[in-house]
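In the two complexes below, subunit A is the common chain; its partner is subunit B in one and subunit C in the other.
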Partner chain A sequence: MSAPLRRLQQAPRHLLVCEKGHARHERSRHAAHVRDHAYNCRVSVLIPECGVLPQVLKSAVADLGEYYVVRGLSVHQLVAHEFVESFVRKGSCYALAYNTRIDQDNTAALLPTGKLILSVDKDTYEELGLQGRPSRYSGKKPMRYIITIDLTDSSFHPDGKKHKRVLWALKEKKPLEFDFLLAWYNSGAEGSTLMSYFSKNQIQALKPKVTFSTLRDLQCPVLQSNELQGKPEESCSTEELFEWLGAVLNQVNLDNVSSSFLSTYCCPQPNTIVDQAFLCTITGFIIPEKIIQLLEQLCCYFGEPKLAQWLTLTVHGFADSPVSWRENEHGFHKGGENLYNFVIFRNLDYWLQMALGTNDDCPP
Partner chain B sequence: MEGVLYDGLPREAAKELRLQPQGSEEARAFVSAFLKRSMPKKKDEAIRDALTRKAVVLEHRCARRKKPKRRKTKTFTARQRRELRLFEIEPEQQRYELFLPLHELWKQYIRDLCYGLKPDAQPQMVQSKLLKADLHGAVVTVTKSKCPSYVGITGIILQEFKHVFKIITKDNKLKVVPKINNVFRLETDGFISYIYGSKFQLRASERSAKKFKLKGTIDL
Partner chain C sequence: KKFVLLRHIFVGYSAVALNHIIDFKEKKQEIAKPVSPSELFPSLPIVQGTSKRLKVLTRLTLVVSDPSHCNLLRSTSTNIRLYDIIAVFPKTEKLFHIACTTLDVDLVCINVTEKLPFYFRRPPVNMAIDRGIYFELLYTPAIKDSTMRRYTISNAISLMQICKGKNIVISSAAERPLELRGPYDVANLGLLFGLSEGEAKAAVSTNCRATMLHGETRKSACGVVYTVKKLHKIEEEETVPACKKAKTQA
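On to the complex of A and B.
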């Protein structure tokens, strides 16, 4: 077989990290993992043996907050002292450049920790004049550079040399402008909102889109919470569950009918058939704090006795985001997946699976 | 010479070695008798020849005449030139205002070079003149650089060496900027030129005589 054909048949390098824990354990890191993954574009909840929206989810789904889309925002406005004081220092501010490709164009992202990440190509880096480091996923001749600017640094005050240089580079030397997705979360005290701050730019407030659907006669694998690897006749392993979940969320037929040429995938054994399963999908720029609230409500779901043995919460990150978890670099090779999946059992044990693509660092 | 060969052994050495020293006459007689016995076929003259000292020439080298070293004038070596510090500018004299007249002179020089620098002059002509022109006194900005800290340095070129520019900035700082991997922006009366430093690694005096060829890439 020739080399190109062989390469087509090989799956690109991907990484799946599986973790097990208990939601009410004091050292459980489920909230920390959710908080570290800053940019989420889709959340799906699958609850077997459930036909309608459960009571516990109603409030969580209604209170998802809103996010903003700003067109033509220059990056130097995010570095301006006013913005840093009003939004970055008070609460968590999330910003991500929209409609840019991580492997071709320049991208910018603002993390809630106050770090501004610019992922630029070689020519822009040489013209911009800000110190950065080459990306870990370029070859011998780096084509991509990552510049990290800490906006909450004590040496980053308006009279400092650093601030002046950054402002000069982003304003006069090489102005960078993107469409941004913005979100701000502050617990407690109200400040000015993003809407009023960016009223001069074309800012638009949007709410995340929520859809519900009920799946009938679904084959679900049998899982045991303390068996990550799965026992041969008794339960399925995490990888099998992950694949099955992907098939279900993409509406792939699990019958393996001989007339269908699209997929020969079957539900892993052992499995049971459930009458109905509830699928809720939320699309938009969703911040981790809301996901933590959703997770808490899902744990409360098992407060009353239910037929379901487990339920899943899947969160997808943006394919073009420059970071995956914390400040780990994220790249796009043949796919830009960076997603994680919680499986919560009746006894509040959980499985956490984190999946990444080729040009990615291992998640924490 | 023969006296040294047949000299008597000093008395102390003889006593140590427990030898009975012979007189010189006896020693000579002994040596000739010994040689005659060991080389029976050789004649007496041959034996006497062998005894005479002959110098053995180990290396044959003819003395080379040193060529007279031609020194036209008394020149200094590079080290002496550096020690003289003719080209150093003292800190007191590192002031931007002092060099503004130099910049005016340079602008005038370029205008004369390009026959006026009218707005409709051809850029190619201006560029070819600039290639051979002297750049001392030009106001230059670093636009692109492989090292981001060099980007943005603006000032008047004070000295041009083979690999670096010495530029004085408005803050009266003397900056040494390497030419390699840097792109400089030069502005003259509305004509903006970009100098790719990697191709410009020549002394100013040599550049006026060099023909520039398109070789390699201008990518940094």
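On to the complex of A and C.
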């Protein structure tokens, strides 16, 4: 009888990895971590002691590129030789199936490294006939399978057996069709050719939605960049910061008023009250290259003397994406969070926190 | 009924079974043909957050308190075979044993509204698990009344101690939209019954899919047995084990 009671007191398995570094250090891995997390749906920037965003940051936020929504795109069109030559090999192409649930339906994703990931349920896997492996989070009887196809592999040319088999499976055996979110990054030529390539499908170009807000009289925890665990009475730990940031971004009241039934959360001690803080939220299909540029601009924010001791950049991944970092499998148990958070200090030290849910691997 | 179905798509379900209850204590009841989903909706609505349509199945629950009531399941001329899923609600220990071991059903309902008149024993429960039959717990009585809440939890925990969390399906008996709860909330309720995290989620997802497939094989297997009856006796014996195998692998 005590086992269920004990289980009730535990939260489902979740993982928070905290890392410390310096942004200008030559071996700093902050850009690598951002690049490895391919699919991002929301970016939030919180800058304490800031009323108006500087012009440089405003233009960086406005310049986040555009992404495309294609309805009813068949997966075999992503495997077609023409698509691979024009987009996958030249630059980074990102594609993610939209409006699918990772724990119920089939999903497809194309990574910038040229790997096509199909996460399919048991029936589809048996009908499709392609080689894959059972999902790691499926239990004793596998209900979910992951198929990985490397489109840039040298043996994957149009005359090869592999290519023919994949095309046959996706075109004739079991045609898979999804609504896709697409983005293409090419450090060179213009990026508008995706529109012309998929002009026969219903393709729509969208820009990420940006909202600004100013928070007044916000309680902010005191942090010291070299104390990850926090010192009692002097600074807060990374876990406390993470929880506080979650409360602020979700607009939870930190007062702990007795009449409020929603939350009894209080800002961790020690904290200071800040007159105003600037919160910028960007929602859309945002690619890592743009986030790296934004991160660079945020590091340059501290080039001039500012009141703020630190600022944060939070990036959320899609809850239904089949991969989290690199090719680590991502699942949805009761929550599909896969997000990371940068805390950048005045001296350009940074803390990186990576958070994952129940059916996830440890990030690199 | 339409509003309850519509609520399902907003809360997150992708498949719903409409239940029709037959209680033998009342006067002789005829089993009507199941309501076709197309009568309720000309085209099924799309589940919110995905691009698939809602799947609607039909289900029959037989409340049995006497062994003679089970004859209906064996009879061949009724509309029973038109239903996708068949469930039985045994009222006595003997009927529970019969339901787990010999009856051709997909679900065995566990009483949650009153104290169980019998204790679960391991042999029939294990046989049911081997045959691919699932035990069903309801959660809507727990929402309505606090006494029924106590009985729900105590009956569920005593079932868990015998079956170790395998082959459980948790469903609502919702008649109104307000009695419906989302699938992840119901999975959390499963934790209260003593299921582990993985088993609780399976109770609303993979186990339900297995029940649907069990119903499908039962429908088609019934048809196979039908034709074999006319063939030579030796061939009949050869094909019957194959049907049993199809049931357990569903």
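The rule we apply is simple: the second predicted complex is superposed on the first by the 352 of 364 C-alpha atoms of A that agree within 3 Å, B and C clash if a C-alpha of one lies under 4 Å from a C-alpha of the other, contacts with A are read in each partner's own complex, and residues count from 1 in each chain.
The rule is short, and it goes like this: a contact is a pair of C-beta atoms (placed from the backbone, for glycine too) under 8 Å apart; a residue touches a chain by one contact, two chains touch by 3 or more.
Remember, predicted model here, so these are calculated numbers, not experimental data.
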item	value
Subunit B versus subunit C as contact partner of A:K231, first or second or both or neither	neither
First, second, both or neither for A:H157, with subunit B first and subunit C second	neither
First, second, both or neither for A:H25, with subunit B first and subunit C second	neither
Contacts of A:K58 with subunit B and subunit C, given as first, second, both or neither	neither
Which superposed partner A:E127 touches (first subunit B, second subunit C, both, neither)	first
Partner chain(s) touched by A:K209 [first = subunit B, second = subunit C, both, neither]	neither
Dominant contact partner of subunit A by residue count, subunit C or subunit B	C
Subunit B versus subunit C as contact partner of A:T358, first or second or both or neither	second
Subunit C-contacting residues of subunit A that also contact subunit B	none
Subunit A residues within the subunit C interface of the complex	1, 3-4, 7-8, 12-13, 99-101, 103-105, 139, 143, 178-179, 333-334, 358
Subunit B residues within the subunit A interface of the complex	143-146, 148-149, 151-152, 220
Interface residues, subunit A side, partner subunit B - complex	122-123, 125-132, 168-169, 173
Residue ranges of subunit C in contact with subunit A within the complex	14, 49-52, 157, 184, 187-188, 191-194, 196-198, 201-202, 205-206
